[in-house]
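There are two complexes below, and they share subunit A, which is joined by subunit B in the first and by subunit C in the second.
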Partner chain A sequence: MKRELLAIGIVILILIGLPVGVFIYNRQHTNPDSPERLITIQAAVPEAGGFQPSAIKVTAGETVTLRFTSVDVTHGIAIGPGLGIDLGHVDPGHVQEVSLTFEKAGTYTFYCNTWCSPDHWRMRGTVDVIDPANPDAAPSPYHDPIIEQLVEEGVNIDANTTMDMPDHPQPDVLRFDQPASIEQGHILAASLVIPTELADTEWRLTHTPIEGLALLENNNPSISMSDLINVIAYMWTSDTPPEDIQWAEEYYNKNCAACHGQTGEGNGPAADQTAQSPVAFADFTYMFGMRSDVLYAKIRRGGMGTDMPNFGTLLTPEETLRLVGYLWQLAFKDRPN
Partner chain B sequence: MIRSQRINVLQHVPFLRGILKSRLFQPVLTISTLFFFTLAIVTGLFGTPVGNRNFGIVFVWIVWWGLLIILLVPFLGRLWCAACPIPVPGEWLQRRGIINRRKGRLSTLRWKFPKRLRNMWLQNFGFLGIAIFSAIILTRPEVSAWLLLGFSLIGIVLSILYENRVFCRYVCPVGGFIGLYSLMAPIEVRVQDPAVCATHTPKDCIIGNEYAYGCPWMVFPGTLERNTYCGMCMECIKACPKNNVVINLRPVGSDLMVAKERRLDEAYKAFIMLACALLYSVVLLGPWGWLKQWANMDTLPHWLAYAGVFLLANLLLLPGLFTLTTLLSRRLGGIQLPLRQLVTDYAYTLVPLGLTAWIAFSFSLVFTNGSYAVAVLSDPFGWGWNLFGTTESAWTPFGSSLMPFLQTGILTAGMLFAVNTAYKIAGQYTPDPRRALRGMLPIAGFITSITFVFLWLYLG
Partner chain C sequence: MSRVQKSFAWMRQHWVILIGIILAIGVMTFPIPQITDPQTRTITLDARQFEFAPHRIHINKGDRVIIQFTASDVVHGFYLDGYGIQERVEPGITKQIEFVAEHTGKFRYRCSVSCGSLHPFMIGELVVGPNEPFWRAIAFVIVSVITLIAYQFFSKGTSYEHATLGTSPA
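Our next item is the complex of A and B:
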């Protein structure tokens, strides 16, 4: 009789104790005594629902652990803006987690940064960080001085290039029969007369290389056009320090290269799936007619009707400018004269 | 039965009789497997939906399946059925206990299981019903868990309605093919001297006694000549007061020659199993991704087309081709027997071929995907656990260079065995060896052609 009771006990233990034990162990495993809240976020391709949950709320100052798991394909997880959190790949059935404290109220975005499906760019979720002192406060409107300046100026952010605008100079002297050389430009710059405005970083932010080239040509009439172009290439790529370029290159490769191509040729593996062909940053002619602030605005706001997603919720303005700096590198780098 | 070719294991390993006579023997097996079975269901229902990271998928459809078809069935016949956890809750309810032999009859409603269903047809259609959903069942833990749970619930319901293991004997889709392929096993539970049983009127092995229950599989060991319906639970060894029930080692495939018990439902089981092995090899291992998507129900019309072709191949195409082959065989061998009987008899040649085809298929499955088990052991739910420090172990297919040799070897062995079986079966119709040879030639051609299709699929 004893062994019969023992057997019944073991069977009950298996049928009831095992499931209960599993959940108790899992609670222990996820450290329930810790004040940290654990939020499990399941990642699936957007066609299958994207992130679940896709919106979470935390209180400013609260430490939470975000645990990401993938249920279908390999995803990449990053959280922004300004947090610098990139958890890397989450393979199906694997787990990546991060504990973090959101100090300030606001909205943050977690997003997939590995091309996972045709609708990859939709794969985002939000963390609403609430101010404990004023939990019902509506989010304050976001101001971006660069974009507001563009609007005030009447610049059409959605224009293909700034050269499309009627009041933009259309120099007929420009010949792109030779690629630019940043190195040559660097050497030549010291021997040329550089107009004051061209030397000003803020001026270059709001003007196209063509406008800069016109100024440079006026001040250096005896210099060949190809040399002037080299100097312009140098000047437009010299604003961003190497460490920022390195960060931007990594970010670009993860988040932009699928459409725009790793070398900026506009021929990434997903290029043929977008509503409009992705811009080729390596297109020298296109970029000579483009302004940094317009690139900045396009990145932050997204491209209307083009399938270019907005990155304004993922990147800080400073990070966006670093990325713009890298786009100039794509336009001019590694193209020896 | 050629008794001289049998080796009585209990005579050579006497302590084994003690183990098998113990009432702990089967409960130890079933309680152990019940643990893994429960874990498979819980992980399936609550764990990650990613199949290769879920214990329920990896341990049921890779580890268990590999063990079953590569080791257990070929070498130990139906021994798995003695350890299977699926019917035991129902059996324990019937017996009102787990280990001890309780007095009195089994607690059931004592309905009579319909006579027309006392065969393998339910198992055949059950297996096909599952097979057409297999691409889904094998990859989606939740579906897999509900299926296992469903089996167990059906087992319980049938145990309440009927006495003994009606579920295992007539319903379990897995039990059907285990029974068929256990004909090949080099092991059997048999009586040592049928005359002892004939004269022993109490028939303890059927009605039970204070030491054991009557055979849960509703089989009389005294006349047992094939493994198909013996669940190897060892109750008859416990029950027999004469110690007349033994375990024998025997030549592989001995049961195939037992002519009087060949039946069309079993023949169809052989057709279905061979066709499924072929179709699974095409769908699951072949390079045709679209076919896998159709099987995975990417759209309903695609799946319906796939299921239609699948059923057609199993129920009509392969049996039809085999019937035509048998017709030719009858003509060449000048055998004057009804076609139905010939088809049924010759279908047993597909048992060794089918078993080896499944082993070859399972080599691919297990060698390629077996390493998932290492990670899943540490994190059975895919919840980020690391119980044994192996969660991050990478998927590493093993034995890929060895696999073509193993597959070729096992398929060739199966083919030769099947051809030899065909010759022996033909020999049962005629004493003239030349007529037997002529009669078996078309069957041998059929077997060889099927083997070449498998080799082409595996070796390219």
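Our next item is the complex of A and C:
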């Protein structure tokens, strides 16, 4: 009799104690009294829904904690642009957390940066940061001088080459049969007559290496074409400092190489799944007809149904320019062959 | 018969067994010289859902191993048991893993990145040979079997005689 009572007592204790315990645990962990909000975001491969939720709203100045979990495979979490947040990987059954305060109203993007599935690059979510003084304001349109300039000039960034622009010198393709040497170009550059346009970073941003080559040739008629090409290769790769190149290389290897290939051959393992073939930056002749601002615009805006993702919502303009610098490295850097 | 004579007689009858035992001891203790000089081996190892290609790698002790590690669909990892080597690779990238095969035996390598449902089965095997105990055991078994067969063969006459003697008193 006594034992029976005891057993019933224990059962009742469990029945009541468990929910109460869970309640208290939840309360302590979400802590509703604290001003800091905790938002849990579940990561799954895009084929299974991607981030849940995939859009969150916060108020500027509010401190929030974002907690990322994974339900299937290893994902990577980064938030941009311009926040410099890379939480590394989140494995199934683990969490990654970050507490942050968005100072300015606007839209930010959290994204997966671990190649987790064929559709990985679609795995993104947005943080809408609302201005507390003006919560209904539409986000102000983003100004990008480089892209606006392109639009003004009427450049089609989806054209495969910028060489069909009016007045663009037509290259003699046969001249590009041997790889350039940045180092040789560096040594030679000091002894050549460099026209002022060519010496100007801004000018190089909006012109192709072929245009530069034509200018250089006019000013240095006695120098051999292969030497001139080396100088151009040097000039187009000299704008990005080594530490930026290193950053860009890491970013490229994680986010671009699966399609474009580690050395820029355009033959990464995901290349056969994209609607169009990824561009081969290692194709030196092709890159001679490319412009930095067009590369920049393409990275930021992405392709139109080509499966080239847009990175403008992930990267700052400066970071994008570093990537452009790295693409020139891929085109011109000495490679053993 | 004296003792010595007796044992001589035994040996006469059972010499096959004696040779067998000597051979077996030889097989187990004979020092095998290093078959090949240590080499540098470059191996391309590709990881995909949910297998490694190749899934078995044979090398010799002392070899310097260079694994060119790639992934052809999603991010995968490489963890080598016994050596504690770990690497991670993004699709499109070639990671170089270098080590010297100091321990002989069989070691499993497995994917160290949760890459999908069958991820736990993504396993390969690194065999660092010559895997002596294994081959010695095989040789031992072969020698034993041959000895037994030979013994049966050579001693047939004798045992037959014994048998006849024992069963034909009539």
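The rule we apply is simple: the second predicted complex is superposed on the first by the 299 of 337 C-alpha atoms of A that agree within 3 Å, B and C clash if a C-alpha of one lies under 4 Å from a C-alpha of the other, contacts with A are read in each partner's own complex, and residues count from 1 in each chain.
Please note the rule applied: a residue touches a chain if its C-beta (ideal position, glycine included) is under 8 Å from a C-beta of that chain, and two chains touch if they have at least 3 such contacts.
Predicted, not measured: the structure shown is a model, and the values here were computed from it.
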Just checking: does A:74 make contact with subunit B only, subunit C only, both, or neither of them? Give me first, second, both or neither. second
Partner chain in contact with A:270 - subunit B first, subunit C second, else both or neither:
second
Now for A:92: first (subunit B), second (subunit C), both, or neither, which partner does it touch? both
**OP:** Determine, under the contact definition given at the top, whether A:118 touches first (subunit B), second (subunit C), both, or neither.
**Re:** second
Note to self: A:193 in the overlay: touching subunit B, subunit C, both, or neither? Say first, second, both or neither.
What the structure shows: neither
Does the superposition put A:260 against subunit B (first), subunit C (second), both, or neither?
second
Intersected contact list for subunit A, partners subunit B and subunit C 70, 72, 92
Given the complex, residues on subunit C that touch subunit A span 70-75, 90-94, 113-117, 119
Listed in rising order, subunit A residues that touch subunit C in their complex are 70, 72-74, 89, 91-92, 114-118, 120, 253-254, 257-262, 268-270
Listed in rising order, subunit A residues that touch subunit B in their complex are 1, 3-4, 7-8, 10-11, 14-15, 18-19, 22, 25-26, 29, 67, 69-72, 92-95, 97
As the complex stands, subunit B meets subunit A at residues 24, 27, 31, 34-35, 38-39, 42, 46, 48-50, 52-54, 92, 97-100, 381-385
